[in-house]
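Read through the structure below, which is laid out as C-alpha cells, and then see the notes.
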Amino acid sequence: MPKDHGIGASPKRREDVRFLTGNGQYTDDINIHGQSHVHFLRSDVAHGTIRSIDTSAAEAMPGVIRIFTSADFEGVGGVPCGWQVTDRFGEPMQEPKHPILAEGKVRYVGEIIVAVVAETLEQARDAAEAVVVDIDELPAVIDMKAALEDGATKVHDDLPGNLCFDWGFVEENRDAVDAAIKGAAHVTTLELRNNRLIANPMEPRVAIGDYNASNEEHTLYTTSQNPHVIRLLMGAFVLGIPEHKLRVVAPDVGGGFGTKIFHYAEEAFCTFAAKAVNRPVKWTSTRAEAFISDAHGRDHVTRIELALDKDGKFLAVRTDTYANMGAYLSTFAPSVPTWLHGTLMAGNYTTPLVYVNVKAVFTNTVPVDAYRGAGRPEATFQLERVIDKAARELGIDPIELRRRNFIKPDQFPYATPVALEYDTGNYDATMDKLVEIADIRGFGKRKAESAERGKLRGLGINCYIEACGIAPSNLVGQLGARAGLYESATVRVNATGSISVFTGSHSHGQGHETTFPQVVAEMLGIDESQVDIVHGDTSKIPMGMGTYGSRSIAVGGSAMVRATEKIIAKAKKIAAHLMEAGEEDVEFADGTFTVAGTDKSVAWGDVTLAAYVPHNYPLEDLEPGLEETAFYDPANFTYPAGAYACEVEVDPETGKVDVMSMTAVDDFGNVINPMIVDGQVHGGLAQGIGQALLEACVYDDDGQLLSGSYMDYAMPRADDLPSFTVDHSCQTPCTHNPLGVKGCGEAGAIGSPPSLVNAVVDALSEAGVTHIDMPLSPSRVWSAIQAAR
Amino acid sequence: MPTVSMTVNGKTVSGEVEGRTLLSQFLREGLSLTGTHIGCDTAQCGACTVHVDGVAVKSCNMLALEADGAEVRTIEGMANPDGSLGVIQAAFQEHHGLQCGFCTPGMVMAAADLLAANSAPSEAEIRAHLDGNICRCTGYHNIVKSIQAAAAQLG
Amino acid sequence: MDLKGSRTIAADRMTVWRALNDAEILKAAIPGCKEMTGNADDGFEATVTQKIGPVKATFKGVVTLSDVIEGESYRISGEGKGGPAGYARGGANVRLDETDGVTTLSYEVDAKVGGKLASLGARLIDGVAKKLADQFFENFQNAVAPRSDDEAPDDDDTGREPEKKKGLIKKMFS
C-alpha cells in the first residue's frame, strides 16, 4: 500500500488552496503606497546607431516624473555574465558590455532605449510616444554562419568579430576522434537545428523597486527563480549596493523554466530609479514585451558524426555546433552550449571517444540562455537522432542498437570520456520497462489500424541522461562559474515543536512547500502540518542559489537534511539531560527520545520546550534554542536517466502530425512525492512536444521577431497533446546525497523531442524521409514527403 | 470619468473608470481582486477568464464599461459559502491540476463554464474546451483529470 | 514581401505621370491617408492610419520619389513610424508605357514592418500589402480618370471613350 505521509507519499499540495481561491501573491499583485510606473521604450530595429534622443515633449506631459536614458547610468555597471568560458586556445570568451539602457547603439529589437517613469502606467505609455529617438539603422546579423563570415557586420564594434568563443571538448581527443571516424566501418552523419524557443512562463516578468531613504535600504520585488543570485549580481556588479542594504523578494512566481534565473536590466532599472525618484517604481511586462525581452532558449545548429564498428558498437562521436548567444551575454548563457551540453555527449553509452566543438556567436537577436534542460536537450537530441539514423542505415532495431552500447549496471561508477562520473544507473531496466508499458510489441497492429484510416503511424524511442544539481562548487569554479553552487537551509524549531524551514531553493510551481516538509517530518517523526517552508526572501533566508537545473531536492533538500541532522544531534543532547542518560544511549524515533533498554522517554515537544525554556537544561554545555543552518555543496551531479517512446500518426495528405502516445520511463532515484514528480514529467513532456511539433521563434533577415504573440508562437494547447504514460519505478538511488534523489524537473523536456522526431521519421521512412527539422509543422512534414517522392 | 456598477461575486460594486479601462484592470486594480491574472495581451492565454452573466469571458478583452450592470463571478467567488474549496477547486487540488498557479483561476473558470453546459464531457471535449486557456506547467494531463473528476462528482 | 502588378489607365502617359506627382491625387489614392503635404521635388509628408491584423496605428512619415525618369518611371517610397506599433516602410517601382493613348502602369511593390507590427502582424503583411497596393492603384486609376472628366473638356475626353472601346475590342479579339 502506498504511504500516506512522509517520503514516498503524495499528500495534496498545501500551496494549492491559495492558488485555487485567487489568494496567491504574485509580484504584480503587490502595490506599494505611492508607487510610480515605468514604461520602457524599446528598439524596433535590430541594429543601429542612436543619433539623438529628444525627451523634451514627453517630459512636459501629464504625470511624467522622470525620463531616463543611458546618460543617467554613468558609473553604473552593465548586466553581468555569471559564467566565463575559456576557448580551445586557452583564451577567455569575448564579453561585451551589456548596458542597462542602450548606449550609443541598439543591438536587438526589444533593447531598452528610454525609460519613462510616471504617476500611472497609461501616462508613462502616452509620454513614451512623445519621445523622439533618431536611429541610423545598420545591417543586422541574424544567421550564425553569416555572422562569422569575413566582413560580416559586427554586433559589437569593440570586439574582433561576432565569435564569442570557439570551444573544444575534450580538446586532447580531437585527433583521436577524427582518426576513429576515419577508420570506422560505418559513419552516420546528421545535420540538424535545435530550434530557438521562448520559455513563456504564464506569468510575465515584474519588478518593483522600493527605497527607504531614512536607512538607505533598497527592496526589489521580482519574478525570480533565485532572489539571492539577483541580490549578488545586481548589488555587487551593477548598482554597488551591499547585501545588508538590499533585500530581494521573489514571492509567488508563476513559472520560470529557466528564463527567470537571469538578472535583467529591468530589475536593475527599477531598483536604481526608486532611489532616483524617491518613489517605488513598478514594471509589469506585457506579453509582447516578454517575447522580445525574456532570454530565449536553444538555437543550436549542429553537425554530428557517429562512428560505429561492424557490430554496431559506438566508436566515436564528433559534433560541430553553432550556438546563438544573441546580442549580449545573458547571465548563464556561455555555460549552456558548453559544460551543460558537451559533457552529456556520451549519453547512456560506452562511446570511448567524444569531441565537441562549439562556436558561440553574437547576433542581433534577444540574448539566449538556459531554458528547461539547457544544453542537455540539445545534446540528447543530436545523439538520439543520429543513433536512430544509424540504426536505420545498418538495419539494426533501434532498441537493440542502444542496448548493445549501454553502460551496464556493473560498470558504475562510470567515468565518461567527457569528464563526468555517473554514479548509478540501470539503462536496460528503464528500457525493459518502456518496452512493457508502451506496448512496443503491439505497434505493428496499431500501425496497420492507422493505415486503414489512411494514416502513417510511426514509433520513435530514445534514451536520455542528464546531469542535475550542477556541482561541486570548486569544480564549477574551474569551469568558469562565477558563483558557488551549494544550497543553504535553516531549520528553526520553535518552542512548541513546530518548525520553519528557511530554504534557498525557490518554488515557482514545483511544490516545495509540500515536499520539503515531507522530508523533515519523516526525519523527526512529527506531523507534516508542523513544518512550514519559507523561501523567496533574502531578508529571511541566509543564502540561496535558487532553483534551476533540477537541483532543488538534490541540493536544497540535502541542505535541509543536513540542518535537520544537526537539530536531531542537539535535541538528543537535551533529551539525554532531561532523561539523565548518556547521550550515546539516547535513541530517537517517531518523535520520541528513549534511552536504550529502559522505559524512559521524552517527547519531541518536551525537548523543544526545554530548549527555549531552559529551566532544566545543561546550560554549561549547551546554548539554549534549537535552530541550525547547513550549507550543502554536492560531491557530484545527479544523473537521472530514462527511456521514452512516442507514437505518432501522420496524415500524408496534409503533413499534420498527431501525437498518439508519449511514454516516459525515468529513473529519478528515490522519489519524495510521486504525484508531484509525475506532474513535473508531464510539464516537461508538454514543453518537449511543443518544441518538436509546434514552437518556433522566427526572426526575419532584418532581425524582426515574427513570432511575437500567442497568435504567432504556437504554444502547446490542451488539444495538441495526448494524456501521458509516465513511470518512475526503476530507481537507482543517487549515491552521494543523503536522500538518494536525482532531479526530475527537466527530464520530460530533455527526453521527449527525439522520440517524437524519431517517430515521425519512422512513419515517413518508407517514403524515404531521413530527417525533418523541428518544429514538425504540417508544411515541413508535407514538404519533406513531397521532396522524398 | 464615467462610473461603472456591477455585481461581483454577489456584492454590488462601483467605481470610476476610464473609457479604455479593461474589465480585468477594474477587477485587479479597482477591486483588488488579484486572482484574475493577465498572461497576455492578445486574448489568447485565458488566465483572465471570469464569468459575466453566467458566460465565461476573457476579462482582458472586455471594457469595464461593457460590464456595467452585469453579474460578474471571479475565482474569488468560487469557494463554498463556508470558505472550503468548491467541487472543481477541490478536484484540481486532489488531482494536482496546477503547479505555478498562474493559469489556474482561468482554468477553473473555464472548467466551470464547460461543466455548466456539459455535465459529462469526454476527454476530447474537455481538451477542445480548454483551447483558449494556456498552461505551461502541467501539460494539461492533470487538468483534464481534475475536470473529469469534478464532472463525476457534480453528476 | 514582393508583389507585382499592372493596370491600364485610359489616359495618355503624361497625364498619368502628372498625377503620379500630384500630392492631392496621391493623398486620394493612398489608403487611409489623412494628410499629405509637400511636393514631388522635396518629398511629401503624410499621415496614414492603417490596420494590420490586430494592430491599428497612425503612421507619420515621409514619402519620397527617387530614380525619376521624367514621364517614364520612378520609385515612390514611404517610411512611417507608428509609435508603439513599430514602423512600416515600403515602396513601389512604377513604370509607364503608352500604347495607343492608353497607359499601362506597372508596379513592383516591396514592404517591410518592424516592432509590434512585425511580431504580431508579420504573417498577415503579405495579404495586407497586396490589398493596399491594389487599393492604391485602384484609387489612383479612379482619381486619374474622373479628374480628366471634370477638367479636360476637349482632347482627353473625346479621345478617351473610343480608346477605351478600342482597348476592349482589342482585348476581345486578341
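Per-chain residue numbering starts at 1, and chain names A, B and C are given in the order in which the chains are listed.
In the analysis below, a contact is a pair of C-beta atoms (placed from the backbone, for glycine too) under 8 Å apart; a residue touches a chain by one contact, two chains touch by 3 or more.
As the structure is a prediction and not an experimental result, all values here were calculated from the model.
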item: Chain of greatest Cα-centre distance to chain B; value: C
item: Interface with more contacting C-beta pairs, comparing A-B to A-C; value: A-B
item: Gap in Å, rounded to a whole number, between the CA centres of chain C and chain B; value: 49
item: Whole-Å separation of chain centres (CA-atom averages), chain A against chain B; value: 29
item: For chain A paired with chain C, centre-to-centre distance based on mean C-alpha positions, whole Å; value: 52
item: Chain B residues counted as touching two or more neighbouring chains; value: 42
item: Multi-partner residues of chain C (each touching 2 or more other chains); value: 54, 120
item: Residues within chain A bordering two or more other chains; value: 288, 709, 711
item: Residue ranges of chain A touching chain C (in the complex, touch as defined); value: 44-45, 109, 125, 128-129, 288, 291-292, 700, 702, 704-709, 711-712
item: Contact footprint of chain A on chain B as seen in their complex; value: 18, 20, 28-29, 33-42, 44-45, 47, 74-76, 78-79, 85, 89, 92-94, 96, 98-105, 108, 123-124, 126-128, 130-131, 133-144
item: Residues on chain A engaged by chain B in the complex (per definition of touch); value: 12-13, 15-26, 28-29, 31, 122, 200-204, 252-255, 257, 284, 286-288, 508-511, 675-676, 678-679, 682-687, 709-711, 715-719, 721, 723-724, 748
item: Sites on chain C touched by chain A in the complex; value: 53-54, 83-84, 86-87, 112-116, 118-120, 122-123
